[in-house]
Amino acid sequence: MQGETSETGKIVTFGEVLMRLSPSDNRKLLQANHLDFFFGGTEMNVAASLAHMGVEVEHVTNVSNDIVGEAAVATLRKYGIGISAVKKVNFPLGLYFLEVGSAMRSSQVAYNRLNSSFANIDPQQVDWEKILEKCSLLHWSGISPGVSEGAYETLKAGLERAGQKGVMVTADPAYRSNLWKYGRSSREILSGLIALSTIFIGGVNEINELLETEYTSDEAGFIAASKALLKKFPKITKVFDKVRTSVDASWQKVYGRAWNGNAFLSTSQLEITSVVDRIGTGDAFAAGLLYGLQHFNEQEALNFANAACALKHTHMGDVNLVSVEEIQEVAQGKTDGRIKR
Amino acid sequence: MQGETSETGKIVTFGEVLMRLSPSDNRKLLQANHLDFFFGGTEMNVAASLAHMGVEVEHVTNVSNDIVGEAAVATLRKYGIGISAVKKVNFPLGLYFLEVGSAMRSSQVAYNRLNSSFANIDPQQVDWEKILEKCSLLHWSGISPGVSEGAYETLKAGLERAGQKGVMVTADPAYRSNLWKYGRSSREILSGLIALSTIFIGGVNEINELLETEYTSDEAGFIAASKALLKKFPKITKVFDKVRTSVDASWQKVYGRAWNGNAFLSTSQLEITSVVDRIGTGDAFAAGLLYGLQHFNEQEALNFANAACALKHTHMGDVNLVSVEEIQEVAQGKTDGRIKR
Amino acid sequence: MQGETSETGKIVTFGEVLMRLSPSDNRKLLQANHLDFFFGGTEMNVAASLAHMGVEVEHVTNVSNDIVGEAAVATLRKYGIGISAVKKVNFPLGLYFLEVGSAMRSSQVAYNRLNSSFANIDPQQVDWEKILEKCSLLHWSGISPGVSEGAYETLKAGLERAGQKGVMVTADPAYRSNLWKYGRSSREILSGLIALSTIFIGGVNEINELLETEYTSDEAGFIAASKALLKKFPKITKVFDKVRTSVDASWQKVYGRAWNGNAFLSTSQLEITSVVDRIGTGDAFAAGLLYGLQHFNEQEALNFANAACALKHTHMGDVNLVSVEEIQEVAQGKTDGRIKR
Amino acid sequence: MQGETSETGKIVTFGEVLMRLSPSDNRKLLQANHLDFFFGGTEMNVAASLAHMGVEVEHVTNVSNDIVGEAAVATLRKYGIGISAVKKVNFPLGLYFLEVGSAMRSSQVAYNRLNSSFANIDPQQVDWEKILEKCSLLHWSGISPGVSEGAYETLKAGLERAGQKGVMVTADPAYRSNLWKYGRSSREILSGLIALSTIFIGGVNEINELLETEYTSDEAGFIAASKALLKKFPKITKVFDKVRTSVDASWQKVYGRAWNGNAFLSTSQLEITSVVDRIGTGDAFAAGLLYGLQHFNEQEALNFANAACALKHTHMGDVNLVSVEEIQEVAQGKTDGRIKR
Amino acid sequence: MQGETSETGKIVTFGEVLMRLSPSDNRKLLQANHLDFFFGGTEMNVAASLAHMGVEVEHVTNVSNDIVGEAAVATLRKYGIGISAVKKVNFPLGLYFLEVGSAMRSSQVAYNRLNSSFANIDPQQVDWEKILEKCSLLHWSGISPGVSEGAYETLKAGLERAGQKGVMVTADPAYRSNLWKYGRSSREILSGLIALSTIFIGGVNEINELLETEYTSDEAGFIAASKALLKKFPKITKVFDKVRTSVDASWQKVYGRAWNGNAFLSTSQLEITSVVDRIGTGDAFAAGLLYGLQHFNEQEALNFANAACALKHTHMGDVNLVSVEEIQEVAQGKTDGRIKR
Amino acid sequence: MQGETSETGKIVTFGEVLMRLSPSDNRKLLQANHLDFFFGGTEMNVAASLAHMGVEVEHVTNVSNDIVGEAAVATLRKYGIGISAVKKVNFPLGLYFLEVGSAMRSSQVAYNRLNSSFANIDPQQVDWEKILEKCSLLHWSGISPGVSEGAYETLKAGLERAGQKGVMVTADPAYRSNLWKYGRSSREILSGLIALSTIFIGGVNEINELLETEYTSDEAGFIAASKALLKKFPKITKVFDKVRTSVDASWQKVYGRAWNGNAFLSTSQLEITSVVDRIGTGDAFAAGLLYGLQHFNEQEALNFANAACALKHTHMGDVNLVSVEEIQEVAQGKTDGRIKR
């Protein structure tokens, strides 16, 4: 009943743990008098999904030194994530309020994270040397360096150390315009971090943003953009992309595609006709991909990642909590959802 | 942080405030042991939607002089509706039970309103002269005159006074067969009230009901019916109609159309693939229309009204609580429901 | 306000009453801290649906002699089911946990029933002679004989006595692979019980399972399979089948078909675009069929059964709690789900 | 698993079934957005408590012909109350809102019952002759004749018929000042009804109210008042009284006393230090008394009634749902509340 | 149905609106998955209590320009508080998490307010001249100047303007050690603000803190401390104090006392044996006092304030929502909590 | 952020993990439609409390191989309990239903555990040699050997191995009459297991049960009984006892006493006037004691244990989740429960 012992070692993730607070039943906040809450955050979601699938994972972060931080740590433990690199500091945990949309109504988010325990992290607080022992892969996203200078510097220190130790680095360069308030150029910083990474999880939009290009989002455009990315960042060897069609907030379609340096791969499209929770679906893709690359060939890994992404839409919370078996079934085409007794 | 000061003055609405009591999760009442509740009522819904968009509104009604009436008034205040014309009387607040349908199962309503605080209103209780000061528009619906003789007489007094003061009058002549128990002909009474109104919010069914005609519900039929209506009621200058296609209780399509005395206008159709709450969607249309006519040209106003109607389907409660910006986006065609961070 | 007095007498059902425990809001059990519960069980669901439609029904079972059994009996009474043949014994009530799926995610069930109060039933505990007095029909399913030897023996005794008394017997030979742990062949036992029955509620899969045949599931296959069944079991005179297309866990299509010994009948297909609860929909079909055969001709009965099945998808719980009028409307084609005021 | 077959026959109760709607957690209604609900009413509470203890009971009332009435009837069935004398009529079910007090804050009630389905009952709707067949006791309270003229007339007809048939009559002459709106003197009417009754469940206040006397509430006063009552109403043979000391809304003390025509009886005082629900505690006393008088001697019956009253304070709802064994234990002095495993 | 028009004008309050988030049922945060929420804050609580009693009140604050701020403003409106001096700014609303204690377990609070919308207020944002028009009284507490330099400066500007306009000022100099992080001496700042005030709501602890004295908390000590305070701050004319005895978190006793410059006054002690919510009880005292001083003599006002304080313990939330009548009853000694029908 | 590394090594516990299912709000099960659930069990509660205080703990048990077992393991992880000795087997997790009592009403329990995953444990499934590595203490209770022969044999094997390795053994010989169904004498078996233990957590009742003596429960009786126990079981060196006075289900008093072989120790009594949850309070005492004996002297440890026991009554669930600091405060006499900001 423990995480599988990978020959290649554990996975390490770095990023903020946020508390998410939502009215239930698609209510507006002003109609509610209670809020459901979940702990999540893009890299923690990846960690939790991996741990739930049995992978050994360690998450690096700061939480608040109060009852909220206590609950956050308990949740990390619950998911099976290693917490030896979690520090408690005297700043509040970051959080956000989410009004859940429906049909053509968008979900709305209100953040309270710019003075959080994670935003106040700095490189002196993190012993990367020790954390990266027996580590096979370090995963990061573009959210963290956008939160604060300290978060950026801490992440950079980790990526550099990973490079020195030969640890693989996966980058999910998500760009969020509501971050990056501390006065640095997101393009410049993300470019520097991607230069230290080995696998790129993103698509044409992210590449265009980074390279200031205008590739189209069709297959040809994706291949061309990927090639340009690999040329600019020679350490990057592969590009994995999740393509989403948003019919509306309650109805989504997703498929995966990849450029592995030599060939284009893609999956069939999965359709979620009644979305339960949209949050964390990209992280489910990333976690499925990392799991898949450890266990399957690239095409199977991509199928697995896409199925994981689709299944995350079907239950509450930021973390993908279905089993490897459930993901495999959907990856292999069983999507009729019949009851399992 | 106050209602916008319209040059043309506030909007006044008249009608019953009902408490709606519903089992959650599509339960039948006999399966439930608690009920969600909302305060609503067709004209109050219009008032609340307008107030939420920043319009100054005053609602005229009676509520019960007890803890239920206290909560009803607190709700009016919460929405920003003016309450100086709300009276507390020694009759219970009207209410109804709603079992929420799904797919081919209809929602079911059980009313308890015929001896309510509003049903016991009479013209002596309402100082229309004072209420209509600095008022630009008085809105009514066909529900109110169906509740009781007193409600009818009170409304008629208001419409007459509005006419004398040159206040515009919008009529939503909704006909409900389960009302009209006090022995008067609904056609006769509604005709009299529409004769005092300037804008008609309704369609072919309502016109056929009033004129005892049999116009078809296609575009030509709508135009012909509208012309006939304007001929019969020369004070009416425009007809605005919301056209609904009910795939089933969970899947609805709506578009708007209008006859402005000279030309036919219509909107594209909006599709709600996963209805959260069907109640109050017509009132959202009316409120959107009134707001739109104050701020935009007629075509834009119709688009805005239709988007408001669609968006009301996507959250709980009788009142449309999305923002002007959200409605504008949908009115302009952005219906993919992507998360707003 | 009592069950209708049928000339032909009451209906008797036999089977386990299970407590179902589910996290709400499509949560995984490990995310939840409370569970909704319902009492159900395939034959009890049939009984409850029939009682809700006004039919006199008696249910034969064992429940636990504790607060859970007390609540189960209260629920039977609430639905109007006769409880004079319910015994309290010192074993726990059977139960199961259900995680409710969505889109391509299947619902998952975890049972705790193999040592239950019902599993410990034996023929000495049931006075079939008395129970079958003034009884017109005895209904059973293939679940019960799979639970335990005692349940099988008790059922067999009932069917034999029914045969002696000329009571009609309806069989729903549902096969569940997770039962049948007590060392008997399901095919052999079910064949023996079907030989004692007069109406078969099942389709090609069930017939193939019983006859070790491989009929196809199209119309021709269904007719051929039905004929083979009637040949093998001469007491069986009719076959009624519910055909389900599972788009995904949230979107289902159903229609009914039948072979009445002479002719093939079928209904139009009903589509449930937003499933509220999938459990008990087959039982709703069976109950609708039994009610329909008592009140309508065969085609109408089949339409009624199919509408009942569809409507069960639209509310919570194991039991179909819509009214005869609601079922009739849908059976006659009104599926737009408009609000009933 | 059926009501015990009393030699002396079933108990019949007559009165309104009310829906009670309460915010949870001691909230004020204006703070809540959902309400817990229970069906109750003083005589129905007596019926339900008796049925829960295994006594055969029939309740006579009108309910609404809608989803609320359907749920009310399902609740009566759930408790095991006979419903053959329940009629569905086209008036809404009576209801009330309850804000639950705490410490020195009183609970507050807002009624909506004066135009209810029960208020519209009349003697033509009730076939007392049939209902009182095989009946040993008819129970009524002073609430019912206060609701409406029709309710009074119907009750009177029942009491007269009971007298003719030699059926015992128990009277709980609760006086509620917020009723009696239909223009009759409560004293006059209640006196007439008590003259038709055999057992009086009430105390000095009720007697003073009826006789226009001023007896004190101590033991001597109670005895004197009881004697005066028996003198005025010779059919009455016994007086049973529940004496409550209200420390505050959350802390209550109760004991019972009686005058049996010859002797004074009393119980020890029971203390409820943390009241869960105050409603229905008097009805629990009445039901406990009726059960006790059928099964025990007078002193034991009084102890049993007092324990039943105390225990009703310890769980939610209008009805006493503890078991005969639990009541007996408390009646015999075990009040330490230790866990039963 | 509007706030009473005081001859002396409205009351103005200044302070932070906080969102309070609590697990229900005395859970620890790490056990919960949803949180109840309330908007409160010491001065807003005073404002809301006063508005609920019918007093015209205006609250001065900043809220966040997002869905949380929208809900906060809706709540202010709901309580009837004037919002024309509420600004929306681009900082998150302050909030805190509360684990509700019980018996000897203390409630625990975790704040997230130091970078809030209110902490970022500054004097330029508040037009005190306009706000204090037609104002009779300005109320402040020691919380606000502890939050930030800007909050302190804004408050000081208001108090100075009030002094110039002859507006009475009530001071509740609550000292919170977890505030005052911006580098100023709390004693110095509070002294400066109290010098601008006319009524002091506090006791021996607060006076000792301010004057660096060591008065005892008995009657003599209170009188001596009050005299010393009036000597040091000659503008202060009266001292009102609430004395609490905390048996444990669930059981509290309170009484009021005062020094009016000439005489000592005190109330009887009220006992809350089962506390529902401890938060806001001091604010209920302050609001009761302000209401009382406007309507009654000083002794009655003190009784009223103490009863308001006691009653706030009996319902959920930060705001006292009982009626003037309920407070009066308790102030006059009716504390038995009997149901009001 | 990891368990403290004790020089003396981790603590190991052995016992069943049960799911507890309770209606909220003191409802009877038959009134509820949802149940709160917690995972607990006497030895797991000790483990969780210790882990929450930072002690390294490993729990030995079997859980079900389904979604319930998955949630149970997630809960163990959440509390920080080591799970390397938890096995998943194909039997359902044990569970019980709890109706929560109040005042003189006892809580009631209905178990479903006799065929559980834990009851089916056997010595072959547990590698005690490995589990007891680096272990300083093994804790057991009398519940486990009562569940099944396999549980007894497994425990005995562990105790014997602990003896061989010099690991301390603490025994909480709780006797439950509803267990011990597998045909062995509880006295004989418990005696054999206590003979293998070093510390006894129990009182006069438990000693009398074991020794078939009749010591009184006063101080002298406790000392005499303890001496007799130490004489009979020479390996036992100390006796720690929790003495409970049950005013009623909502009001409890507890104090601790001990015989350490030489001297009698006792604590002051703590009073819980409003019990939130009675379950697990004995386990909180045991965990507090084990923690105390590791960190403090015996008197302080006893005070700490008693405070832990008292504080467990003040929050929901089976596990004591307050902090070491909170326990210390109460142990040192601060019981006024004032809010901590």
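By written order: A, B, C, D, E and F. Residues from 1 in each chain.
The criterion applied here is as follows: a contact is a pair of C-beta atoms (placed from the backbone, for glycine too) under 8 Å apart; a residue touches a chain by one contact, two chains touch by 3 or more.
Heads up on the chains, UniProt names are A, B, C, D, E, F = Sugar kinase.
Owing to the predicted nature of the structure, the values given are computational and were not obtained by experimental measurement.
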Between subunit C and subunit F, the fewest touch steps amount to 1
The chain whose C-alpha centroid lies farthest from that of subunit E is chain C
So, in whole Å, the Cα centroid of subunit B is separated from that of subunit C by 45
Here the gap between subunit B and subunit F, centre to centre from mean Cα coordinates and rounded to Å, is 62
By the touch definition above, subunit D meets two or more other chains at residues 24, 28, 30-33, 74, 78, 108, 111, 273-274
Per the touch rule, the subunit D residues reaching subunit C in their complex are 1-2, 73-75, 77-80, 83-84, 86-88
In the complex, the residues of subunit E that touch subunit D are 24, 78, 270-276, 310-311, 313-317, 321-322, 326, 330, 334-341
In the complex, the residues of subunit D that touch subunit A are 31-33
Within their complex, subunit F touches subunit C through residues 21, 24, 28-30, 32-38, 64, 66-68, 70-71, 74, 92-93, 95, 97, 99, 108, 110-112, 114-115
The subunit F residues in contact with subunit D across the complex are 25-28, 30-31, 101-109, 111, 176-178, 246-251, 273-274, 278-279
